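Two complexes, one shared chain (chain A), two partners (chain B, chain C).
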Partner chain A sequence: MKRYELIVIGAGPSGLSAAIEAAEAGMQVVVFDENGRPGGQLFKQIHKFFGSKEHQAKVRGVRIGENLLAKAKDLGIHVILDATVLGIYKNKEVSVLIEDEVQNYKADAVIIATGAAENMIPFKGWDLPGVMGAGAAQTMMNIQGIRPGGKILMVGSGNVGLVVSFQLLQAGCEVAAIIDAAPRVGGYGVHASKVTRTGIPLYTSYTVIEAKGVDSVESAVIARVDECFQPIPGTEIELGVDTICIAVGLSPMSQLADNAGCQMEFAPGKGGNVPVLSETGETSIANVYCAGDVAGIEEASSAMIQGKIAAAAIARDLGYIDDIEFAEKKTAYAESLSKIRAGMFAPGNKGKVFEKTDEGFTISDSLLTKGYLSESELSAFPALDASGGTHIVIECTQNIPCDPCQDVCPAGCIIVGNTITQIPKLDKDKKCSGCGLCVGVCSGQAIFLVNDQYEDGYGTVGLPYEFLPLPAKGDVGKALDRSGAPVCDATVVEVRTNKAMDKTAMLVMKVPVDQLSSARFFKAAEGGN
Partner chain B sequence: MSQIIVRTKTSEPFVPLPDDDLIICRCEEITKGEIRKAIHEGMRTLNEVKRYLRAGMGLCQGQTCQRLVLNIISSELKIPGGELGRITGRMPVRPAVMEAVGKSTEHSEGVERYDR
Partner chain C sequence: MRIVAHPIIEDYQKGPLVQFLYNGETVEGHAGESIAAALRAMGVRIHRYTTKQHKPRGVFCAIGRCTDCVMVVNGVSNVRTCITPLEAGMTVQTQFGLKAGDGK
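This part shows the complex of A and B:
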């Protein structure tokens, strides 16, 4: 039997962070992962993360994964892949299936960081090929480089559904619609807005009732639902799609904790059956910890911090760090965790409906029901600057934990403050230099650079653009409004890219001045790019 | 299972529904109708339905259907999902060929489970 001081099960964000923290304290660590590649879901997260600098905000998930792996390698952590943990026994013995053979390991402590699996909803035809989890579709396109389908229906408007829809567009798929049975959009308004402005319709209070097809999906039937989520007869719409992606939440993969004998609880707010944990993530069994989604569904940023807290607690228990050092670490990590767990979408606010922001602004009804802001509702928010010349328009209207815009502005125009869930506002005394960095770094793609004095009768809108091939200067097309409807002709006058914007381009398009407040996306003319 | 399972909570006679042929457990191909019938025949928890029908005993070990079966039992009996237990997590928590488990040479004293 091989011995380690710490066994970490799962090489995702939480498990790797835990392993690194423990190895840095001097512990001997082994990490098992049943997949052929490490990183859990990080390597398919090609979008930029939210949060603050300490949470690696504005860094794409895939890069966070690369950094974690490089660090683990530097520290000499053993990451064993294609290694499926089959069971955890008394005295922290762990059976692992490696290459058709069960090997037994033993450790002083175990961290279970097995993550979560996608939920499904049953409907007629849901077992046809072409119906898949949104996460599965994301793995296909972002890891394996295969388009999951040609034309897609996305079921679920949480962040997973919205982000994957955007990535499907990036991969060259067509998204027929995003639907949600709830009367409101589930995910961040900014994620919804970046898909709706491309022209994807978002239907709230709709569910999928049937997948039709002989050998695979040929169409999907959706229908409006009543308050009890029952389909209303006569409201059916048939969409010609070949793929139906399901993004209706995740369930913790907590079987190993159950198998180890940890006390479990059924917690709908955490996604299902989860182990009962102490504040450091320890289960009812001493030195068996859980961290990340297995402990309750959140996101990668908090999973990484949870992993570090668990590993620090173990390092303290095994004598690698003293009580004082542990207390310092714990305070710092807890603070970081409370920052990222704040705002309207915090884990404790699941299902809650907010009518006003912390600042007292009325949340846009259009954003919540259709996925995009209406101009009249937007005008009530503080980040609109009507001053002449080049100015910033920030369309960030919900309290979400994120502040890279504040850090990146060299002129200091954007104020979020220390509470990173605050809605950004503009410092009217500072002058925007027009650098466009804020447009490029905003993880929610919610910042626009507007110039109302470009030439007589025309102005420009600089918008975040993440589709390839990039349009070129001189390309013509249509400017789309927030709902994705074409409003006027547009000409690309500049496509700005730089390292700080990390592959998000700022596309500057020329439109008539009276469309400056509505034009938010550029669609190249047919035949062009 | 710590709580007493209410066996007296029998529902009205089994009434077939139009979507009874819907497959719920894809691995073992168990339909909604079979699960509903099992409930009317006295199954009350996830583990009972699992043992009765094999729903949740296939390749995914209930990772996909556990929640769906739970919802069916819950709505059929009007009992909150939290009271219906869970599919017991036990070794092997992932499918493994018996030969591989048998190859395990170094089995130590520690194969017993923690006390519940």
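This part shows the complex of A and C:
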């Protein structure tokens, strides 16, 4: 039997962060992952994360994963892949299936960081080839480089459904629609707006009732649902799609903890059956910890901090750090965690409907039901600078924990403040230089650079753009409004890219001044670029 | 179905193009990518047919959990093609129940 001081199960953000923290304290650590690639969910997340600098906000998930792996390698942590942990037994013995052989390991402490599994909903034809989890679609396109399908129906408007829809567009797929049985969009408004402005319809109060096709999906039938989520006869719509992606939530993969005998609880807010944990993540079995999505569905940002807290607690128990050092670490991590766990979408607020922001602004009903802001409702928000010349418009209208816009503005125009869930405001005394950095870094792609004095009768809108082919100066097409409807002709006058914006371009299009407040996306003319 | 240019991902770190046999036909895929990816790139969606009802199944989870994607690989049944890397010269066959068939 091989011995280690700490066994970590799962090489996702939580497990890797735990292993790094423990190895830095001087412990001998091994990490097992059943996957052939480490990183867990992170390597599929090619979008920029929310949060503050300390949470690596505005960095793409995949990059955060690469950094964690590099650090684990530097520290000499043993990461064993294609290694499925089968069980945790008495005295922290762990059996692992490695290449068809069961091997036994023993440790002083174990951290379970096995993440989550995708939920499924049954409907007629759901087992046809072409129906798949949203995570499966992500694995195919972002890891394997293969489009999962040509035309796709996304079922679920939580952040997973919204983010994966955007990524499907980036991969060159067509998304026919995003539907959700709930009457409201489940994910962040900014994630929804990113897809709706490209023209993808988002139907709330709709469910999928059938996947049709002989050998694989050829179409999907969706229908409106009543208040009891029952399909209303006569409201069916048949969509010609070859793929149906299911994004209806995640459940913690807590079976290992359960089988080991940890005390469990059913917590709907955490996504299902989870172990009962102490403040540091310890289960009812001494020195067996849980961290990350397995302890309750959250975010990678919080999973990483949870992993560090668990590892620090173990390092203290095993004598690698003293009580004072542990107390300092714990306070710092707890503070960082409470920052990222704040706002309307915080884990504690699951299922709650907010009508007003913390500041008292009324949240756009259109955003909540259709996935895009209506212009009239937007005007209540503070970050609309109507002053002449070049100015920014921030369409960030929910309290979410994120503040890179404030950090990046060289002129200091944007104020979020210390409470990072605050809605950004503009400092009217500062002058926007028109650099466009905020447009490029905003993880929600919610900032636009507007110039109302470009030419006689014309102005420009600078918008974040992350698709190929990248339009070029001089290209003509249509400007789309927030709902994705074409509103006027548009000409690209500039495409700005730079390292700080990390592959997000700022596309500047010329439109008539009366469309400056509605034009939010550019669609190249057919046949043109 | 292959993504040739992506706005964010620069390189999928694929191995060289290699040949393998799919239901007796010589086809190509990249070494190291999943067998399922290589098949999807060719347009294949059906990996197996269920034993009793002979219903088609394809990739569902893509991470080795659901077993919907199993095929007969190098003569061995029940190989999860979504997590098994492609190698030159492999034989990959549609699985019928527990056995190989010719894909029809």
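Just so we're on the same page, the second predicted complex is superposed on the first by the 529 of 529 C-alpha atoms of A that agree within 3 Å, B and C clash if a C-alpha of one lies under 4 Å from a C-alpha of the other, contacts with A are read in each partner's own complex, and residues count from 1 in each chain.
We adopt the following convention: contacts are C-beta pairs under 8 Å (C-beta built on N, C-alpha and C of every residue); 3 or more make two chains touch, one makes a residue touch a chain.
Just so we're clear, the structure is a prediction, and the values are computed from it rather than from any experiment.
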Please determine, from the superposition on chain A, whether chain B and chain C clash or fit. fit
Kindly classify A:356 by the partners it touches after superposition: chain B alone (first), chain C alone (second), both, or neither? neither
Is A:428 touching anything from chain B or chain C once the two structures are fitted on A? First, second, both or neither. neither
By the touch definition at the top of the document, which applies to A:73: first (chain B), second (chain C), both, or neither? neither
Determine, under the contact definition given at the top, whether A:89 touches first (chain B), second (chain C), both, or neither. first
Using the touch definition from the top, say if A:256 reaches chain B (first), chain C (second), both or neither. first
Return, as a multiple of 10 degrees, the angle whose vertex is the Cα centre of chain A and whose sides reach the Cα centres of chain B and chain C. 60
Using the touch definition from the top, say if A:53 reaches chain B (first), chain C (second), both or neither. neither
After the superposition on A, what does A:124 contact: first (chain B), second (chain C), both or neither? first
Which partner chains sit in contact with A:3 here, chain B, chain C, both or neither? Use first/second/both/neither. neither
Partner chain(s) touched by A:34 [first = chain B, second = chain C, both, neither]: both
Give me, in Å and rounded to a whole number, the least C-alpha distance separating chain B from chain C in the superposition. 5
On chain A, which stretch or stretches are contacted by chain B in one complex as well as by chain C in the other? 34, 117, 127
Spell out the part of chain C that touches chain A in their complex, as residue ranges. 1-3, 5-9, 12, 14, 33-34, 36-37, 40-41, 45-47, 55-65, 68, 82-83, 85
Quick one: in the complex, what on chain A touches chain B? 1, 34, 84-87, 89-91, 93, 95, 97, 100-104, 106, 117, 119-124, 126-127, 251, 253-261, 264, 266, 268, 272-273, 285
Mind pulling up the chain B residues that touch chain A in the complex? 19, 22-24, 26, 32, 61, 63-68, 81-82, 86, 88-94, 96-97, 99-101, 103-104, 106-108, 110-116
Please name which positions on chain A make contact with chain C in the complex. 34-36, 46, 60, 62, 117-118, 127-133, 135-137, 139-148, 170-172, 215-216, 466-470, 503
